[in-house]
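Have a look at these structures, which come just after this line.
What follows is a pair of complexes built around subunit A, which joins subunit B in one and subunit C in the other.
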Partner chain A sequence: MGYTTYVYLTLFLGITFLLYTVFPKKYKWTVLLGASYLYYVAASRLWLIVFILMTSITVYIGAIWIDNINELFQCVKKVLDREQKKAFKEKLLWQKKMVVGLMLLINLGTLAFLKYYNFFAEVLNIAIFDHFYASIPALKLFLPLGISFYTLQAISYVIDVYRGKYKADRCFGRVALFLAFFPTIVEGPIARYDQVAQQLYEGHSYNYVNLTQGAQLILWGMFKKLVIADRANMLVNHVFDDYLNYSGLSVVIAIVFYTIQLYTEFSGCMDIVRGSAQIFSINLPENFKQPFFSKSINEFWQRWHMTLGSWLRDYVFYSVSLSSFFKKFNRYAREHFNEYFAKLLPATTALFFVWICNGLWHGASIKYVMYGMYYYIIMVIGMFMEPVFNKIMNSLHIKKEAKCFKLFQILRTVLIVNIGMLIFRADTLSSAWHMFFSCFHNFQFDWSIVGNLGIDIQDVYAIILGTIVVFVVGIIKEKGIHIRETVANWNIVFRWTFYIISLFIVIIFGAYGRGYDIASLIYAQF
Partner chain B sequence: MKKQMKVKGWILDLSKIIVFLTICVVILRCLSPIFVPKNNNKDSGIKNENARGFYAEDPHTVDVLFVGNSDLYSAMNPLQLWKEHGYTSYVCAEPQQNVFGAYYMLKEVLTCQKPQLVVLEVDELFSTKEASDVDEAINNALKYTFPLFEYHSRWKDLKIEDFNDDGQFYNTRMKSKGYLYHSNVEPNNEGFTYMEKNRKKSITYSNKTYLKKFIELAHENDAEVLLVWYPSSTTGSNGRSETLESLAKELNVPYIDFNVNQYDTGFDWSTDTRDGGNHLNYSGATKMTKFIGEYLKENYQLIDHRENPEYDQWNTDYEVFMKENKLAY
Partner chain C sequence: MEELLDILNGLKPGVDFENEKNLIEDRILDSLDVMNLTVELNDEFDIEITPLDILPENFKSVEAMYALITRLQDEG
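So, the complex of A and B:
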């Protein structure tokens, strides 16, 4: 049951909204929890619900266990002297670490086994076992719907309780709903417990503004997904599936269109997800903030898939940086390198783990590892070379604040991102390599070639026009204007005309039905 | 007082939503005729033109209507039925048709034809998920009510004529009457062993509901219903056949299953399929049609129109079909 299907948009959302509205405030969360499990079963397989239930139960118990250890310390510490307190604290810290370790083993272990077993088995076979004429067998494994998303949410919850950010939740329903909330289960956003759990649980009264603005956000997401992404998907598939027969401008167009496709599809899906939640007056975190206006790769990743970026920062980067081993490494760096390197070396080393995790999270293949490494290397080069770049700019009298320079930075980022997208989309690294070089082969500004890229020329124009609309909306949002609220203040005639035209643009120009492939969500497979 | 205000607010909000949706429905109604193809041929952009040639048949001349998916248009030849028995029939089969599509197809046909018998190819009754079926049910209902949903992509081909209110001219005749001729042979070497496979045998609630609606619609229009399952190695299984057998009994409609019983048709998987067992070829279709013709003769009071000069066109179509496909007649 995809988010753009009739059954989801009309029946599922409609009935859930009606039940949510009529249920007493105290029990509204039960409607959301019931709907979430129903959605899970409808979109996946009945027995796969076991995995999400297992995660919900284990992190619920695990967090309470950690909390009980904390409370034990608070109760006992008054009767202990300083030395005893220190020893007892260390013992309890060890216990807490064991609980977190157990939680990670169960949940991350399940994800790692289901998602990466075959990948690592293949790597080990090639690296070791093949030499001894042995092999680790490949297994036919199912990846439960949303496991990459809800597992990260579950881990963030347990670690936050461990770090004392908040106390463990004693209400199982709230934890279960936080992990299984139906709009977020397929593609995120990877929400944090303190951001959404209480909102989901508390029960909101019917709110016309949220209902209509949620519906408008869904419509905007549908525009991006159906009018642009699903249309671009056909051209992209056509060229990438037959890349040996394309070169020059055709490949460049396919790469740029894939970037457009991935952005409009993922951000469009997030709009549908956030709109679905807003109907129930629930505010989910944003995942995109006009990433193509970024002036650096670092900034790009703060605006693209923001919830994954912040998760990796909080639970990988900080966990690595604050580990005792890393503290020792830090000390070593300070003692053995100059100030500049001593400052950068630990940060870039911790970043390595972030980007390895980022790559692997996207998929179990060397391609995705290299995708992560591609951004890592660019960031590290940027960090280490900053003084050199600054010197060059000073000697050339280039002002960082100049508009032209900012535009140059944006275009540079777009170029780097497009190359990253090529690695991301190509079937293998070698095909990405081949396509990269084929961009420079037979390159001619001959627009007529777009007619040979698997879609009608009118479809290409529809993608371009749609992208311009998204671009203009991005500029308006960058200026801090809230479009839906602005439109809501218009006269009813203009307002409704605007809504109706928008709706019919999606109905008429959407790439759905006969003649168009059903494009499944790209991030749902991760 | 506060509660009264609240209720007033709800009524106002509800009214706004109803008015907004009504305006949308009116616009859908107004836009749909613009986007609907103005002819029933391929160039006009009509959906599965092969299945929609019935529009061009003289009104109320099709006595037997066949509805189903690609298995059907590969297995049933109306011109052979005409030649052997003089029965007029049309195959309204579409690739990947589902029972919801079949129901609306029947509705479409009943606007210009009055068949005495409707044959449903039941291969399309097996699906995987209830949610997808409900989605398809909504999708088909929307497309039937507001054809804009079906033909929206014609925005690329709209011409001035599409905006004129001159109506549609569905006058393109399909000489093969919906049958698709394929002579190549790609044998299914596994034979009927596929029947032992453990395939999901239950029929979803939505599919069952629409099958009942389909039968009711036919009965309301004085047509009898016959269920047929042509040989299909990619979908058939003993479990599924048993499900259909009991469902047919429950609904009180006759059912013929060529996967379970080949009724001395001489059907042979090594010669009668064009793609390794998914679809039949001309040889397979000839055997199936021959049996169905005899079955109809024995069980229904259909009229032999061969001597009726008003039906001469059928003879012409038969000759053209045989000549075009270089078949002896």
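So, the complex of A and C:
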């Protein structure tokens, strides 16, 4: 049951909303929890619910366990002297680390086994076992729906309790709902417990503004997904599946259209997800903030899939860079290298872990590892070469604040991201390599070739027009204008004319019917 | 405060740290800068900044950083 299907949008969301509205405030959360598990079963398999239940139960118990250790220290510390207190604190810290380790072993271990077993078995077979005429057998494994998303949420909850950010939740229903909330289960956003758990649990009364604004957001997401992404999907599949027969402008168009497809599909899905939550007056974190206006790759990743980026920053980057081992490494770097290297070496080393995790999170294959490494290498080059770039800019009298330079930076980022998207979409690393070089073969500005890319020329124009609309909306948002609030203040006639026209645009221009595929969500497979 | 300003100027020369009040939101300091800063502050002021302390409000200005250092010194 995809988020763009009528079954979800009318029946599922409609009935859940009605039940949520009529239920007493105290029990509204049970409607969301019931709907979330029902959605999980409908979109997945019944028995796979075991995995999300296991994660919910283990992190619920684990967090309380950590909390009890904290409370024990608070009770006992008054009767201990300074030395005893220190020794006892260290002992309890070790116990807390054991509990977190156990939680990671169970939950991250399950994710790692189901998602990466076959990948690592293949790597080990090629690297070691093939030489001894032996092999680790491949297993047929199911990947439970949303496991990459809810596992990260579960880990963030346990680590935050361990770090003392908040206390463990004694209400199992709230933890279970936080992990399984139906709009977020397929593609995120990767929400934090303190951002959403209480919002989900406390009952919200019917709110007209949230209902209409949520519906608008869903409609906007449908526009991006059905009008743009699903059309672009056909062209992209056509070229990428038969890439040996294409070169020059055709390949460039396919790569650019894939970038458009992935952005409009993923951000469109996030709009549907956030809109679905908003109709219940629940505010989910944003995942995109006009990423194609970024002036650097660093900024791009602060605007693209933001909840994954911030998760990796808080739980990988800071965990690594503030660990005791890393502190020693930092001191070593400062004692043995000059100031410049001593500053960059630890930072770039910590970043390596972030990008290897980013690559592997996206999928269990060398291609995704290289996808992460691609961005890592670009960032490291940028960091080490910064003084050189500054000197070049000074000698050429280029001002960083100049609009032309900012435009150059944006176009440079777009180019780098498109190459990254090629690695991401191509079947293998070698096919990505082949396609990259084929861009330069037979390159001619001959627009008539778009007729040979698997879709009608009218569809190409629809994609371009739709992308322009998304671009203009992006500019308006960048200027800090809240479009939905502006529309809400219009005269009732203009407002409803706008709503109805928008709805018909999605219905008429959405890619349905014979010859069209309703493309499955790309990020759902992660 | 002087010591803190010296560290900040060494880390990111050319920034008006005394008057900038939105170092994080304005993207003057990114996560890598904060990491390097954390390491230096830990050593210089003999404190232990944990991931929990790494919040925009603790690094948004020199005053906020000074308040964090003072708090951690008192707790330690």
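Convention: the second predicted complex is superposed on the first by the 526 of 526 C-alpha atoms of A that agree within 3 Å, B and C clash if a C-alpha of one lies under 4 Å from a C-alpha of the other, contacts with A are read in each partner's own complex, and residues count from 1 in each chain.
Going forward, a contact is a pair of C-beta atoms (placed from the backbone, for glycine too) under 8 Å apart; a residue touches a chain by one contact, two chains touch by 3 or more.
Bear in mind the structure is a predicted one, so any value in this text is a computation, not a measurement.
Novice: Are subunit B and subunit C a fit on subunit A, or do they clash, once the structures share the same frame?
Specialist: fit
Novice: In the superposed arrangement, does A:L351 touch subunit B (first), subunit C (second), both or neither?
Specialist: A:L351 contacts subunit C only, not subunit B.
Novice: Between subunit B (first) and subunit C (second), which does A:F325 come into contact with in this model arrangement: first, second, both, or neither?
Specialist: In the superposition, A:F325 contacts neither subunit B nor subunit C.
Novice: Could you say whether A:F132 touches subunit B, subunit C, both of them, or neither, answering first, second, both or neither?
Specialist: neither
Novice: Where does A:I500 make contact in the superposed view: on subunit B (first), on subunit C (second), on both, or on neither?
Specialist: first
Novice: So, A:T5: does it touch subunit B (first), subunit C (second), both, or neither?
Specialist: So A:T5 only meets subunit B here.
Novice: If we overlay the two complexes on their shared chain A, which of subunit B and subunit C does A:I508 touch? Say first, second, both or neither.
Specialist: The first partner, subunit B, only.
Novice: Considering only touches as defined above, state whether A:N298 meets subunit B (first), subunit C (second), both or neither.
Specialist: Second partner only.
Novice: Touching A:A42, do we find subunit B (first), subunit C (second), both, or neither?
Specialist: first
Novice: With the two complexes overlaid on chain A, check the angle at subunit A between subunit B and subunit C, Cα centres, nearest 10°.
Specialist: Rounded to the nearest ten degrees, it is 170.
Novice: Once the two structures sit on chain A together, report how near the CA atoms of subunit B get to those of subunit C, whole Å.
Specialist: For subunit B and subunit C in the superposition, the minimum C-alpha gap reads 39 Å.
Novice: Can you list the subunit A residues touching subunit C in their complex?
Specialist: Residues 163-165, 298-299, 302, 313-314, 317-319, 321-322, 327, 330-331, 343, 346-347, 350-351, 383.
Novice: Touching subunit A in the complex: which residues of subunit C?
Specialist: Listed in rising order, the residues are 11, 27, 30-32, 35-36, 38-39, 42-43, 49-52, 54.
Novice: Would you pull the subunit B residues touching subunit A in the complex into a rising list?
Specialist: Contacts found on subunit B: 9-10, 13, 20, 23-24, 27-28, 31, 35, 47, 129-132, 134-135, 138-139, 142-143, 148-150, 152-153, 155-156.
Novice: Would you mind writing out the residues of subunit A in touch with subunit B in their complex?
Specialist: The touching residues are 1, 5-8, 10-11, 42-43, 206, 208, 211, 456, 458-459, 496, 499-500, 503-504, 507-511, 513-516.
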